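First comes the structure, then the notes that go with it.
The chains carry the letters A, B, C and D, assigned in the order they are written, with residues numbered from 1 in each.
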Amino acid sequence: MKKLINDVDAILGESLAGFARAHGDLVSLSQAPLFVRRRAVTPAGQVALISGGGSGHEPLHAGFVGRGMLHAACPGQVFTSPTPDQMLAAAEAVDSGAGVLFIVKNYEGDVMNFEMAAEMAPCATARVLTNDDVAVENSSYTTGRRGVAGTVVVEKMLGAAAETGMDLATLQALGERVNGATRSMGCALTSCTVPAAGGPTFEIGEAEMEMGVGIHGEPGRRRVALASASAIVEEMMGAILADLGAAKGEDVLLLVNGFGATPLMELYLVYDEAARRVEAAGLTVARSLVGNWCTSLDMAGCSLTVTRLDAETTGLWDAPVHTPALRWGC
Amino acid sequence: MSNTLVLRLIEGMAGTIESHADQLTRLDQAIGDGDHGINMARGFKELAAQKAAIAALPLGEALKKAGMTLVMKVGGASGPLYGTLFIDMGKATPEAAPTLADLSVMLDAGIRGVKARGKAEVGMKTMLDVLCPVADTLRSLVDQNETDGLDERIIAAAGHALHRTTDMVAKRGRASFLGERSKGHLDPGACSSALLIGAVVGVLAPSSAR
Amino acid sequence: MKKLINDVDAILGESLAGFARAHGDLVSLSQAPLFVRRRAVTPAGQVALISGGGSGHEPLHAGFVGRGMLHAACPGQVFTSPTPDQMLAAAEAVDSGAGVLFIVKNYEGDVMNFEMAAEMAPCATARVLTNDDVAVENSSYTTGRRGVAGTVVVEKMLGAAAETGMDLATLQALGERVNGATRSMGCALTSCTVPAAGGPTFEIGEAEMEMGVGIHGEPGRRRVALASASAIVEEMMGAILADLGAAKGEDVLLLVNGFGATPLMELYLVYDEAARRVEAAGLTVARSLVGNWCTSLDMAGCSLTVTRLDAETTGLWDAPVHTPALRWGC
Amino acid sequence: MSNTLVLRLIEGMAGTIESHADQLTRLDQAIGDGDHGINMARGFKELAAQKAAIAALPLGEALKKAGMTLVMKVGGASGPLYGTLFIDMGKATPEAAPTLADLSVMLDAGIRGVKARGKAEVGMKTMLDVLCPVADTLRSLVDQNETDGLDERIIAAAGHALHRTTDMVAKRGRASFLGERSKGHLDPGACSSALLIGAVVGVLAPSSAR
């Protein structure tokens, strides 16, 4: 394992200390319980958005704390859900009295820990569950689909909506609508290495890739031979569009997300393949985002996310945002 | 239960988890995200750090505090689940020193909590696939008033149940994302449950410990 | 070699096509000769800034084309200087009549190709050479120091200055001043793989790292045993500060730059180590930037850059910028 | 020089570069950035594609156009340098078919251009460390009017000079960033120069080609 770290057990705290130091104008850090919050106090009447999950997906979620996006983020250990004390302390810190909306990726660990936090919370809470990963068969007998990079879209749009003073129930409904209009799928060329584990999570041959991989290096649909970017995007975008059910002529947002070790040069090449397929399906790529937003430590590979847009959600996407990782309009 | 027994139970569980952490992590790398051993070790290390304070409490309170400690320290799926197991066992603990029958009732209560928290049942390739068979064995032995060799039987039940998770297709937890590909591997949480049961039996009936 | 690509020979064109598609509101692409330019016409009287160099350092340079930064960028093949026809075509496209300033990283290939372009250019040109890499011994008998991530700082500040209508000679002098106030050093944990070469540029053991590496995987000061982030930063920051010669109490800009395959989590951890050392040396970290800005394809590792700030350059750093990769203030 | 000779010179040089591209790249991986073979192959492929148009020109113009083609296609350090070599040779080309003495003068002119462009001299571990010894050999043979075995001597001079770059410490090019660590490796540009000289000799005096 080759990483720029000191002590394996101290990574999270040391990294967050650097994060808070670099972005002290925007965020502040609580070390125990561990959470990151906007420096600005939540205005009265504004619902506070709190997300969180295992670390290792940076900039998700702490990088999205700031004006027009999250009010707080609770980082768990690497790939491990945070614990309820973190969510409770964060809620207490950022609740303005209008309640707290938890944005939770659909993993049982996250779901249960946020659930316990909600049960113990002194304020009104609601929850939006993201589950955009079409790689996983959607069966009511299992846990359902994973929440992956589409979470970034949900956090951005809800963040903008919260700024307008939208109430908790309406925000929650909007979140479910955005999540319902979002589909993702990913593919890994290499494994990630969890620092505490010290070695790669999975073995993969020089000529293999993992199609449909999750954001923790969980195996995906199947192990296949390494293919061209064009063939990879064909399969991923095919699965996404088949499941999305958008009508011809609709606007969509296209997000190409790197998993951490894939250079921008490759991500833009993938973007070109993806955008051409979206357009060929009769949809319009009205908004785009290309970069490393929801990563898997040092995994090589990428995911595609498509969100159906309407006038409201397009406006929410375009609204000013000022966070460590995402900034526009101000 | 005496103060020192609780102390020794915590030490026994924490020791087992610590020495098997790598193994649990390897199992989780195969069908999960490779952190189960790390999570459990973090939680039980904290439990060990607080053992004196916990052992000073009445058993029911001790279990609840142990459970809350796990909830706040383990994280992941196993944190709330093991936490709930201990907390709900604590809630079902009598004031007097528990009999074997009480223990069986307590374990059943804990398992009900785990099922509700995780929306899971037996056969879904989770920790329940060890916890439930063990609870069933304990209950039936208590019902039949057959306490001879009880410890070996519990250990055997746990080991056998753990082994059977190999052939299961996961329906809960991260392994469920793998569908059929989850077959052929032990479930990590089932393994940690078997280890904890072994540790408890080892403390309560040292002669029969594996 | 595992990369998200199609044909090795087509990578650059395909990737830039995706880049131009994703950022069509800001930039446009000329395929032959190959260059990226701002969509907006250069206002009369404004000096145009053109940079360029081998590809594989994305987002440098094309990602910095836009308001408040570059007017055009000329991407060469991977790690290979662009050719003079590219610079000539770009100059013709963006010169407003006020002349063109070439920002060139100090590599002989870049220097000579930009030099030939300058000799053939029909407009007034001047050049700023960046050479911030302290890893290389500074000897007048050799090529001198390499230009690395400090180039980002030079491009940002000159871009802001150009917007104010500063003339060519004054801009050039400012560029030399900023470059002179900037020092960098890097360290690699793994090699990069040039697509056309098909394999890693250098072999490196599981327990080794290359201290003082360049941004093309060129060997650095020496091959050493993998060390802690703290020890790595100690050596790099020590070399930087010793060479920078800043006086106690001065403000500096601290840039932590990832080489492409190092996750943000590690970069922020490194940032914390670096910032603490800057402060311990009696300087103030007045501005920061953490991320992947001047990369080496898929190399793991990072570089540190420190620039001495004054009121003018601080203002230039803070000025609005709107490019594909860097955006604030608008 | 006849039209077909120029055609065959271009084919000879392009063929050698293509078949040695990997070797040049490997040399550049050791002490540079691993693209020399790729750069040269790209440029000479373009030269080959334009061979008909170039060969149709008078020799001086042909050399200039070939040089400009390399400048616009090779990139890196070697592009402007080889481009300048050809362009400046073209500028020194007489109208009439060049004699050996003319060739020597042309090569000297090209080398002067390379030195000026790259601010380099002999001994800095660059292509000049092959080009200059070869030019020296040619010049002295012409001066002594000794054209017997000239082709073998040129090839020998190039090979020997290339070999000597191994022990040099680079003072120019990316290898110079390595300082002492640049020792022990052939210089990639010196190698491509030796290859090109071999190709030229092979076309002009096929019997003695390596």
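Keep this in mind: a contact is a pair of C-beta atoms (placed from the backbone, for glycine too) under 8 Å apart; a residue touches a chain by one contact, two chains touch by 3 or more.
Since the structure is predicted, the reported quantities are computational estimates derived from the model, not experimental observations.
Visitor: Leave out subunit A only, then trace which of the remaining chains are still linked through touching and list those groups.
Guide: The remaining chains, counted without subunit A, group as follows: B | C, D.
Visitor: Which whole number of Å gives the spacing of the CA centres of subunit A and subunit D?
Guide: About 55 Å separates the centre of subunit A from that of subunit D.
Visitor: Measure off the straight-line distance from the CA centroid of subunit A to the CA centroid of subunit B, and report it in whole Å.
Guide: About 32 Å separates the centre of subunit A from that of subunit B.
Visitor: Calculate how many whole Å lie between the centre of subunit B and the centre of subunit D, each centre taken as the average of the chain's C-alpha atoms.
Guide: From the centre of subunit B to the centre of subunit D is 75 Å.
Visitor: What whole-Å value do you get for the distance between subunit A and subunit C if each is reduced to the mean of its CA atoms?
Guide: 29
Visitor: At least two partner chains per residue is the criterion; list those residues in subunit D.
Guide: There are none in subunit D.
Visitor: Among the residues of subunit C, which are close enough to touch at least two other chains?
Guide: In subunit C, nothing touches at least two other chains.
Visitor: Chain adjacency by touch: line, ring, star, complete or other shape?
Guide: Its topology is that of a line.
Visitor: So which chains end up touching which?
Guide: Listed by label, chains in contact pair as A-B, A-C, C-D.
Visitor: Please name which positions on subunit A make contact with subunit C in the complex.
Guide: 2-6, 11, 14-19, 21-22, 55-56, 58-59, 63, 189-190, 206, 209, 226, 228-230, 232, 260-273, 275, 288, 290, 292, 295, 297-298, 300-302, 327-330
Visitor: Which residues of subunit C touch subunit D in the complex?
Guide: So the residues of subunit C in touch with subunit D come to 54, 76-85, 107-109, 112-113, 115-116, 136-137, 141-143, 146, 194, 196-197, 201-202, 214, 216-219.
Visitor: Given the complex with subunit A, which residues does subunit B contribute to the contact?
Guide: It comes out as residues 25, 29, 31-35, 38-39, 42, 71-81, 83, 117-118, 170-174, 176-179, 181.
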